[in-house]
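Here the chain labels run A, B, C and D in written order, and each chain numbers its own residues starting at 1.
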């Protein structure tokens, strides 16, 4: 079964912002800016991508690990929060 | 509810190996070894710690997100594998 | 002093490929694909961004930490390789 | 040439604290604590290890990439700071 992502519009908006950040890297390279500028733009894009991944992974955990219609209430809320805490600490 | 970890002996063995790697960093610092040596020991310890975290996170996802006695079969196997794939790519 | 990046064309090509990967995430979201698909596209984009950052950081270390015209031969080749080894282990 | 690490006592103190954190993981496993507890201890140890690596890498960059006796002033201070900024963003 394929699961559609929740919060599609919010995720699309974040993805478009991320694309804008990659385009800024392209412009900086074309304009032959210093590599300090390019490193900073890439570091910002990396943070944005990690944040986006965090959203999608959280959606996956909350909505797709357990089918809520067939198994309502099966996903343990505390255990889910603990897992998300650890994952977020890696997605920085 | 608190959940005891599965595979306690295997995890303990990995943790003791990791402690040995940290002790090797201590000895290298005490012996005033070069910082190339210290960096390599730390990089190896980091890999070992990430592997250990991966084991514990996988155990948490497979056994504690859903109580298998109360909700047998509720955890979607495919969705779990997809999540573990993504998490492992971050735990390298 | 601002330093222009070396290997501009190669970096631009990698950046454009990365932009293409972000656009694939956009298309997957618009087509309401499953979040497994979106997670995999994001994981691939993350790898590409890390590789690009690795190239820029290596360029920065090799060419801009020391002005080669004013201080030829000042950058220690072995120490540079050891540093790049450690940085690459984080850029995976 | 091998370079002794600067700030040996401070690094040793941090390494011993890190060893204490790994020993706390061992005790938690032996006491059959929940895996939420173990995950949090591991996440803290990972942060400590990353901070220690950051110190050693900074020492390596500041003192060993360029031999300060043979090439005084060759290491560009601004370029060094920019590099350390990027590396720190990965060592979190």
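Heads up, the rule we're going with is that contacts are C-beta pairs under 8 Å (C-beta built on N, C-alpha and C of every residue); 3 or more make two chains touch, one makes a residue touch a chain.
This structure is a prediction, so every number in the text was calculated from the model and none was measured.
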| item | value |
| --- | --- |
| Higher-contact pair (C-beta pairs counted), A-B versus B-D | B-D |
| Averaged-CA centre spacing for the pair chain D and chain A, given as whole angstrom | 27 |
| CA centroid of chain A to CA centroid of chain B, Å | 23 |
| Chain B and chain D: spacing of chain centres that average the CA atoms, whole Å | 19 |
| Junction residues of chain C, two or more chains touched | 3, 36, 39, 43, 46, 53, 57, 60, 64, 79, 82, 86 |
| Graph class of chain-chain contacts, one of line, ring, star, complete, other | complete |
| Chain C contact footprint on chain D (complex, rising order) | 1, 3, 53, 57, 60-61, 64-67, 70-71, 73-76, 79-80, 82-83, 86-87, 90-91 |
| Touching residues (chain side chain D, partner chain A) in the complex | 36, 39-40, 43, 46-47, 78-79, 82, 85-86, 89, 92 |
| Touching residues on chain C, where the partner in the complex is chain A | 2-5, 8, 11-12, 15-16, 18-19, 22-23, 25-26, 29-30, 32-36, 38-39, 42-43, 45-46, 49-50, 52-53, 56-57, 59-60, 64 |
